[in-house]
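My questions will all concern the structure given below.
Think of it as A, B, C and D in the order they're written, each chain with its own count starting at 1.
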Amino acid sequence: MTQSPVRVAMLGTGFIAEFRAQVYRRLQGVEVVAVLGRDPARTKAFAERTGIGHAATSWDALMGGPGFDAVDLCLPNNCHLEYGLLAAAAAKHILCEKPLGRTEAEARQMHAAADKAGIIHAYGENMLYAPDFREILDIVASGTVGKVLWVRGREAHFGPHSPWFWKREESGGGALVDMGCHLIAVFNMLLGEEPTSVMCHAPTLHHATDCEDIALALLRYPGGTLGQCEASWIQRGGMQVTLEVSGTEGMITYDRSGLSQPIKVFSRNQTQRYFSEKVESDRGWLFPTVDEYWRYGYYDQIRHFVECIQSGVKPKVTFAEGVVVNRIMDAAYASAAAGGGWHEIAG
Amino acid sequence: MTQSPVRVAMLGTGFIAEFRAQVYRRLQGVEVVAVLGRDPARTKAFAERTGIGHAATSWDALMGGPGFDAVDLCLPNNCHLEYGLLAAAAAKHILCEKPLGRTEAEARQMHAAADKAGIIHAYGENMLYAPDFREILDIVASGTVGKVLWVRGREAHFGPHSPWFWKREESGGGALVDMGCHLIAVFNMLLGEEPTSVMCHAPTLHHATDCEDIALALLRYPGGTLGQCEASWIQRGGMQVTLEVSGTEGMITYDRSGLSQPIKVFSRNQTQRYFSEKVESDRGWLFPTVDEYWRYGYYDQIRHFVECIQSGVKPKVTFAEGVVVNRIMDAAYASAAAGGGWHEIAG
Amino acid sequence: MTQSPVRVAMLGTGFIAEFRAQVYRRLQGVEVVAVLGRDPARTKAFAERTGIGHAATSWDALMGGPGFDAVDLCLPNNCHLEYGLLAAAAAKHILCEKPLGRTEAEARQMHAAADKAGIIHAYGENMLYAPDFREILDIVASGTVGKVLWVRGREAHFGPHSPWFWKREESGGGALVDMGCHLIAVFNMLLGEEPTSVMCHAPTLHHATDCEDIALALLRYPGGTLGQCEASWIQRGGMQVTLEVSGTEGMITYDRSGLSQPIKVFSRNQTQRYFSEKVESDRGWLFPTVDEYWRYGYYDQIRHFVECIQSGVKPKVTFAEGVVVNRIMDAAYASAAAGGGWHEIAG
Amino acid sequence: MTQSPVRVAMLGTGFIAEFRAQVYRRLQGVEVVAVLGRDPARTKAFAERTGIGHAATSWDALMGGPGFDAVDLCLPNNCHLEYGLLAAAAAKHILCEKPLGRTEAEARQMHAAADKAGIIHAYGENMLYAPDFREILDIVASGTVGKVLWVRGREAHFGPHSPWFWKREESGGGALVDMGCHLIAVFNMLLGEEPTSVMCHAPTLHHATDCEDIALALLRYPGGTLGQCEASWIQRGGMQVTLEVSGTEGMITYDRSGLSQPIKVFSRNQTQRYFSEKVESDRGWLFPTVDEYWRYGYYDQIRHFVECIQSGVKPKVTFAEGVVVNRIMDAAYASAAAGGGWHEIAG
């Protein structure tokens, strides 16, 4: 085991980078030594706020700073490939935020470069590390619900904050790419296999964007299970994440939305207190999400990444899984573009 | 207003006939004077149990008994047309259990015959009379959630009791015909319009039947709303009915499943007490549905039918609505048979 | 059975009178022919709004109007005795809103007068007619939870609207008299017996009133069950009604609060729509109570009262039950006044 | 900061010791080097199961084994004082499971000995470290609900597993000592003060024990808040933990019971899988508690204890807090013994 702390360079200064910086501060044996951002002022502020020593606005400036072992790639989707290749070329381990690429082609290039460089590469699918989802995976594995016949996942809110999400050129797609990727990864892990065909409808119903703001994809799995993936940017009322599993002998229903939180608060006054990500009301009934960094899986995900670097062991979720998710989303978009029939997913 | 009570002949002796017989006993101004069933012993037992004076096993025997004003048509789907035509020919008012026909063609014949006979005809969509659904319709109408962008309905359990449901020849279809018809009717009422195209997947994933045991249909409405209709016969854990509405300014989520009932009971012993329709457990956590006949809308539906007969006013939900639902389901099956693309619904 | 409709005079024009007037309009075989109120303008408006033909502002004026069979006594607590005696003297049947009197002494006088007059007298404890509570009573009776060891009821909001509730001289007491009376009646019915001693704490914690704004009473029943009665006027967030039953073999938990309603609505805008009694927010998460007149038991209560008048049968819940509730509350106040020890309830 | 790991001796081999051993295995910088138990076979098995090197059955044997810095005192309540004094005399830091003593007198002796020895002493009130409760404390502190007028805590199940809990000589009391202590500690922390008087009823309603199997205590706080503490060993249906806070401007309701978990599972078959502490059903609806060691606060509690030892800082919750809780419980029992009136809590 490596005794000296793992040194990480954070790539990006957005919402998810901030979230993960909180986790690094809670972990032992790891240190964020540098951050890379486009905007100098913003990057400097991020570094100061999160206690990172070096703020760089170019890859060269980053490399010219203190040495580091790994990058945490939290840049917009259209920058994943470029910086993934740079990091691999520099033999830096990579934890890449979802989705791996805007397309399977991009994801494949990242995977190939990482494999060739012999680095540790981890795909940032936090849900696979979230305690609630691990429990569900374990319940299914225990046979409590019998053979899984149907599984539905849903993630919904009223759309992301950063402008790049809304431009297909930068994001690669809308609600499906942003949130559907989580659900597809969970389905694959739950069933232990990959779907062979997909049917999808992905229209833009409300927002001014060239991305879909709602996506509904059906996935056929070799074992006979039907997966139903729902991603929506047109749902008011805060973040909704649900999962339902229908088995021959039982079922599971999971809800991580505000109303399902164990703490429920009523306030007749306007309040400025933070309650949860994507909350849309500031009075009346409010529902805090406790320890989001823990419940959403970021803590265990990053801890696992650090341990893999220390021990040289391959992570449980690598770029290989990310490639598969991009492949399925490519096929889903092809189905939607063709008017919604079934499309094969080329293996 | 007619002063003498409306006299009804019950056609059928199954689950739904029993349910409705309970409602008739609670209502004033109406009386069930006869019942028609195929099996003599069963029909006689039904009549005795529910206090109906005349038990007939043929239409002629029914007509030869005490006079009546209306029939409550609760026979298997493949008998709707035959007995609908007989009743219309005899100038008896008709309340017909959902779906109106096995196909739009059958439904149209019933509608035409009823119109020609000048009788009161009501389509038995109880959900449109259920207090909870009426409240939701009213909330949407009040503008509380803005313009409706997406609506999802789901009805699920592990399959019906009577054998005829499972044979396409008799039922006309599986989960979609059995339960999807409810949701489609609710969507149409909620949006005040009919969908123009549908995309559907309706496989048989588990049961030994030539009907689909799960159906997922997407509906495009002229105003831009996307409807998502889910019907499942492969879900354990009792009856589930949910509705979700995403609007530009808000959302509604509704759940009528066991876990959402206000009364929750734990018993460590096996219990024989009735708790709810389709319950699959007899110990541990149990959830009673209080006053099912009221909450499911049967009370208000039948009362409205009786009042329409008394006053000669056209019911709020007639065979015309039933024809539309059958038309949409026909198109959904056509989409499913063609591999899931979008199909126009011929108006 | 009386064929002509039962004619009722409504005494009072407040919240509860309005509520009940809605029920009378839905029932067949009964008609509200007159209303009595103190304030002429308000009484006239009430009559017009609810379609009542005669508006009186004195007992004499009421008696001088159209004939009636019964009164529905919805006046402030300090008027129950006066008008109860007047009605009994005039041989009018009485349905009296809870509590029967401000004290057991008052309640006894009403009971004696009613019995002497030979009229039908019903104590207006709506919860004993509410479908949810009837279901709970039935579950307990079925043995599903074994022997009841402990039962807790709670009713809470932030205080009533009408000024008279807040003056002990007019109301007879605060939260205990206003809401605790419901719970005590439910306990007695659930257990089939009356408590023998009570311990109570009934302070004024927040509001400017000479009544208690929270009351906590423990009740010892002869069979060994412990009852826990909680009434609060200091709870924000809308109306809360809960009941919990601990038995040797199981338990029941019941919640009729907003968050437990099956319909949940989110609106980002301020809305003026009515959602439920005592709601304190007009945006964010809102929870409609569907068919309050039905779920709270008013419908079945009034229907039963009318049927008892028609058939001459004694109501299920009479002034006798009201006297018992007043007696228990008197003992609870005595305990609270003495610093909270156990007090015997003189039988 | 101490660089070498903190070495802990576990005192006890019961349920809570097992629970905490799981936490130690997840923490860095701490190591359990020995375990002390009465029964040789059981102690040996515990050591092997949890990977502890040294199994002792006497204090001398423990001291004769590998060196250690601290003890985690998880013995039955009647052993707290004896082993607390031994540990203090040996200058070992102490984390003592709740309650500190059977009585305030015992607790005071432990506190005095620990202070005199100059050791780090922590009172094992895990709820004060549980993420959910920390969130609630923070919401109250933020002013979201205004001034707290009333707070109720409840903890209930059908009684503990180990025989010593049921003997007053060994436990010091029943449900109040076992579970009420948690709630009192939470109230005190939430309000930032200690109650001045208490009223209590603590009968034995069902079990064969000389301890109370239900306890209801009202607590008056100097600032005017009323605390309501409920502890029950007579409630079926698994572990229930609830907290409700009524403030002038809002309220909080918290529920950590099975039905409030975000994952809900239905299984029609009997299952042997572990779902949660104190579950009483093995089929039907089941509710897993995810990461109990984290949600119940054990992780953060032990981590804090270890960090305090490393840094020499006084823990947030020390024996001083334990003494206060015992004092309040002594007064509660005095009130119950005297028939339930208010008793002063001598400061």
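What we mean here is this: a contact is a pair of C-beta atoms (placed from the backbone, for glycine too) under 8 Å apart; a residue touches a chain by one contact, two chains touch by 3 or more.
The structure displayed is predicted, hence computed values, not measured ones.
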Partner chains that subunit C and subunit D have in common: A, B
If you list every residue number at the subunit B and subunit D contact, are more than half found on both copies (same) or fewer than half (different)? same
Subunit B and subunit D have mean C-alpha positions lying a whole-number Å distance apart equal to 54
Whole-Å distance, C-alpha centre of subunit A to that of subunit B, is 42
Just give me the whole-number Å value for how far the CA centre of subunit B lies from that of subunit C. 37
What are the residue numbers in subunit D that touch two or more other chains? 145, 236-237, 249-251, 253, 259, 264, 266-268, 286
Under the touch definition given earlier, write down the residues of subunit C that touch subunit B in their complex. 28-29, 131-132, 135-136, 139, 142, 144-146, 249-256, 260-269, 271, 273, 286, 288, 290-291, 294
Interface residues, subunit D side, partner subunit C - complex: 145, 149-150, 156, 199, 201, 203, 205-206, 214, 216, 218, 224, 226, 228, 232, 234-237, 246-251, 253, 259, 338-342
Could you list, by residue number, the parts of subunit B that touch subunit D in their complex? 236-238, 258-259, 264, 266-268, 280-286
